[in-house]
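Please find the structures below.
The same chain A turns up in both complexes below, where it pairs with chain B and then with chain C.
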Partner chain A sequence: MRRRWTVPYLFLAPFMILFLLFYFASIVYAVYLSLFIQRGIRPKVFSGLANYVRVLHDSQFLGSLATIARFGAIQIPIMLVLALLLALYLDGLRNQRLRTYLSLGFFLPYAMPTVIAGLLWGYLYSKGLSPFNQLLAPFGASIDFLGRRGLLWSLGNIITWTWTGYNMVILYSALRGVPGELYEAARIDGASNLQVVRFIKLPMVAPALALATLFSIIGTLQIFAEPFVLASLTFVPTNLMPNLYIYYTAFNYGNFNYAAALAVVLALITFVLSLGMLALLNFQRRRL
Partner chain B sequence: MGAGPNEYTKLLTALKAGTGAPDVVQIEYDFLPNFIDFGGLVDLSKYGAGAYKSDFVPWTWAQVSPDGKAIYAIPQDTGPFAMVYRADLYKKYGLSVPKTWAEFQANAEKLAQETNGSVQYTDFYSTYAPWFMGLVWADGGRLWTHSGNQWTQSLNSASAKKVIDYWGNLVDKKYAATLPDFTSDLNSALAKGQITTLIEAAWGPGSLASRLGTESAGEWRAAPLPQWDASAPFRSGNWGGSSSAVTVQSKHPQAATIFALWLNSSTTSVALNWVNGGLFPASETGLQLSGLHDPSKNPSKFFGGQDVAKVYADASAAVPTDFQWAPWFLYANNSFNKYAADAVSGKTGWSAALDAWQQDVLNYAKTQGYQVSAP
Partner chain C sequence: MNRLNASAITWRVLVFVLSLYFLVPLIWLIMSSTKSTGQLFTTFGLWFAFPMHLGANIRGMASFQSGVVGRWMLNTVIYSGGVALLSTLFSSMAGYAFSRFEFPLKTVFNLMVLAAVLLPITALVLPIFLILHDIGLINTYWAVILPLLVNPLGVYLMLIFWDQGFPRELQDAAYLDGAGEWRVFWQVGLPLVRNGLLTVALFSFVSTWNNFFLPLVVLSKGDLYPITLGLAIWNSTTQTGAHVDYPAILVGALISVLPLIIAFFTLQRYWQAGLTAGSVK
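Our next item is the complex of A and B:
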């Protein structure tokens, strides 16, 4: 009987050990770093919350948060609606082989390493070599995809392209989990295809959609590789995204302590947003 | 370790961690004060490096020894400015090689009329602040000076404004493209003959030769940098180039110093650097090496057998020695891109962009605790 209580912990151990080592420990270390001010490798000075006070007044960091909020408000809904449409389409397909083939195809962009995707898109977006611009050339038009107006839209497109398939898989598996009896009952009651979608499929995927939204918000706050790769091709503000700004602060300007404070604040924002989102979901579930 | 953003990231992390940095590192001149200020580099004057001062081109020594006493690196390669142009296009459009910036602009105007704007005269590297800074340097301008810990920053000095207004005008009139350097967009425009002239550092010809391969090979020529005043003594500026520094983590700083000295004065390594990578030497004897002037090898071959190294050696001799960088150069570098993009897109004027840049960088340097003021 004594062995029994240890079993779940043994199963948890592989995750917990890695989690504590590489996730929790680094957060603790970042919090520790953020409490000091140190120039270069001179002796560090304990500064309490001075770095955090600076974060709250850092117009560049606040600017990056504003950008990411606007970016997410547009990009996340577009991506999730696309993912939902694709999932509904796949779910309605009769042809089993086509369904397997397409679901893999939709998911494929996610399997491509971000840096490579960024480079490929960078080429598609280039001023003179872009195939899109070459098609437009006979009409005397060209799109400056990476110019100051186009940059965020172009980034949004890369991220939508990458993550729509991923979100589709979440929604699609939720749709596959809907019991067949529900559809039969609806058909007997004379429901049309549209009514089946509206009154069965959508309510049944709502929790999965909420989860996908949560993942997307967290993911958006962590965007880094795409703008970083594009920076070699065009002007990308160093504070375009919070993570980009943190990276430059630490590894370009060598201010690791301040970067740690920025990172902790970003983590807190993510945490609060996630909690808020979960609370909202629970509240809605109780109402149902 | 080789120079570049990835190296600096690794070096910064290793220095901070206290272990893992190599003995000798390659650092570009403009990044040196940053690493000196970080506390990561050894003063090589303790190990007798001062005795080799006369072996190197004077301005390079001023770069590695900003206060004239401590020596933080040994000069390795340099990037003095010259003008490179397509001789075939000059012939086709009846352009002559400009000696002054006024002639440079007249060429640009003529070409625009001749080709109805389908060929652009030159390119403005709006995402490379050091390119712009090098042009200010060539005007005898200075961006930073200091005495002790007291810094003066003048990113919007009269000289800087003269240079930015000149280039801004070329950009606004579409005489100059704004394709970023090292991109396939620029390479393709050069290969197609859509851009005729570039202001390039000494490592530029080698870079062009490897980026363009056989495209437009043999058509390129180099000429001295155009001057503001043809009657004044000839001047050039510098973009890039690097030095070999010894990190504080080195257990054998004496041996590392000797290695850095050997690396940058060995005749074989200097000649190989030029032929294979287009790196232009900082050592006086290096500039005389016959290997540098071989017309059958690149970059000379790509330049139709022209003695490109001669043009750049003259340029190197004409680089002012008093130009200095600040420890917060990296911030100024990144910040420049933002204001240049504003000006390129027409959101602000060019001169106003420089003022905004100066203010932004000044504020940053102050929050970092530096004693700095505008002149």
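Our next item is the complex of A and C:
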């Protein structure tokens, strides 16, 4: 039977039209807008790459990138190690029912809206409401979770709380995919538990772990809702995270042209970083 | 033997503490939504206080701005339901094209889907705002729904489900019976990948329910807000004002997560299916 050449394109059309509109056209339009400078109410002036030169010298924006890099360098490893430990524990658990309950409990925070998670933790951190400080009160101690020094750690805790279970399920699925014969062979060879983990389980979850790292990096660059919500409870610098700075530049200061340049740069950083990670992963996979 | 026991006990304690850690915010939310403002500050946060004020808190929430919270919930259902329905259809169509056809631009289209995976919609919220603004869609339901219909992970998931769930022999048999392309897809194929459709719909439903950045930027009319945005704005406006109605906000938060928790427990095998397939790819 001869099939008409248009058929696959018709099946792709709804997805592709929306993709072209919201990914391609929106970026092109943002690039176009970023080439103009806005001064008060006067008409916009074409200014070439002036906005981008300003981005490169914008200490506020560069500061937000530095913060997010430091934040990710600490938060992502903690979260993934925790997720890996839990996945290994669940994988070694013989009690089927306990395994189901625990994995559901750990995964539950993922189903919570980030805003609600931010709001709840915000209350749990706040001076009057925090049950942690209620527990510490008899000892005359209290923790300033939302102070200048605590803020980023508190934020890291919210992100870790939300995403550990999600990453755990991904790693756990990868562990479940390990063929049983491999373990039997190892047992016959007299391998200890630790050796099984080190020489069978870890190499088998390595690709899933790498993928989880990639998605964590992409996600970290986009953090917005949690610090935005905390800003109603405490002082949060407007340039704490890149997306926060872009939002305030556009909607508090009304400088859409400059915000467009910032957004283009952030999208570019995200894309190049994840493409680089992906290339690295493929390279390593081919070498193995 | 002793050493083994010690390590087993350490593991058990660690896992118990972590389970508590993951559940504490939820426990606190449930306890707190039954308390009055005074009790919130004077009683221990992780236990009940009597008399309970759940009824009064629900009334307080329901009467806020003459019942706008109900409207927010309805909006959230419209956004999540609309996006889940349409994005699952579009993803399954695109996945079908990749699974069943060879065509000249296939590689290019494949790369476009990959690019969309690597660049999440939150990275493009401002550009999307700018373009929606010029089309004139700001402050409409479409402003939230249309961008979220681009669901690249859904396309990949459906590609896998099509490859596994719809045998090519069956497809060919349907052609021989004289069925057209659309009928083969719609009447013969789709029922066979039902589980895949439910998985993709679940993920897109929950991620739309949880979305915040996009509605914050494209909506400024209170009666279009989804519940997440409504509660966040309510919280921030009362924080700056004199009267902070914590209990009513907390009941709202509880109600906004209840449907998710129910979906979470009743549809658990679909979660597993989605994440397993996703990590294999």
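Simple rule for what comes next: the second predicted complex is superposed on the first by the 268 of 288 C-alpha atoms of A that agree within 3 Å, B and C clash if a C-alpha of one lies under 4 Å from a C-alpha of the other, contacts with A are read in each partner's own complex, and residues count from 1 in each chain.
In the analysis below, a residue touches a chain if its C-beta (ideal position, glycine included) is under 8 Å from a C-beta of that chain, and two chains touch if they have at least 3 such contacts.
Note that the structure is predicted; figures quoted are calculated from it, not measured.
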First (chain B), second (chain C), both or neither touched by A:Leu275 | second
Please work out whether A:Leu129 is in contact with chain B alone, chain C alone, both, or neither, and reply first, second, both or neither.
-> both
Between chain B and chain C, pick out the one touching the greater number of residues of chain A.
-> C
Regarding the shared-chain residue A:Ala111, is it in contact with chain B (first), chain C (second), both, or neither?
-> second
Between chain B (first) and chain C (second), which does A:Phe251 come into contact with in this model arrangement: first, second, both, or neither?
-> both
Touched partner set for A:Ser142, first chain B, second chain C, both or neither = neither
Now for A:Thr67: first (chain B), second (chain C), both, or neither, which partner does it touch?
-> neither
Give one of first, second, both or neither to describe whether A:Leu233 is in contact with chain B, with chain C, with both, or with none.
-> both
Touched partner set for A:Thr213, first chain B, second chain C, both or neither | neither
Touching A:Phe19, do we find chain B (first), chain C (second), both, or neither?
-> second
Going through chain A, the residues touched by chain B and also by chain C turn out to be 123, 128-129, 232-233, 251, 256
Chain B partner contacts - residues on chain A that touch it in the complex | 39-42, 54, 123, 126-129, 147-148, 232-235, 237-238, 248, 251-256
Given the complex, residues on chain A that touch chain C span 1, 3, 5, 7-9, 11-12, 14-16, 18-19, 21-23, 25-27, 29-30, 33, 82, 85-86, 89, 100, 102, 104-109, 111-117, 119-121, 123-124, 128-131, 134, 161, 164-166, 169-170, 173-174, 176-177, 208, 211, 218-219, 221-222, 224-225, 228-229, 231-233, 243, 246-247, 250-251, 256, 259-260, 263-264, 266-267, 270-271, 274-275, 278
Which positions of chain B touch chain A when the two form their complex?
-> 5, 8-9, 12-13, 15-16, 18, 34, 37-40, 126-127, 179-180, 182-185, 188-189, 248, 328, 330-331, 334, 337-338, 340-342, 345, 347, 367-369
Given the complex with chain A, which residues does chain C contribute to the contact?
-> 11, 14-15, 18-19, 21-26, 28-29, 32, 40-41, 44-46, 89-91, 93-94, 96-97, 100-101, 103, 106, 109, 112-113, 115-116, 118-131, 134, 146-147, 149-150, 155, 175, 181, 185, 206, 209-210, 212-213, 216-217, 228-229, 231-232, 235-236, 239-240, 246, 249-250, 253, 256-257, 260-261, 263-265, 268, 271-272, 275-276, 278-280
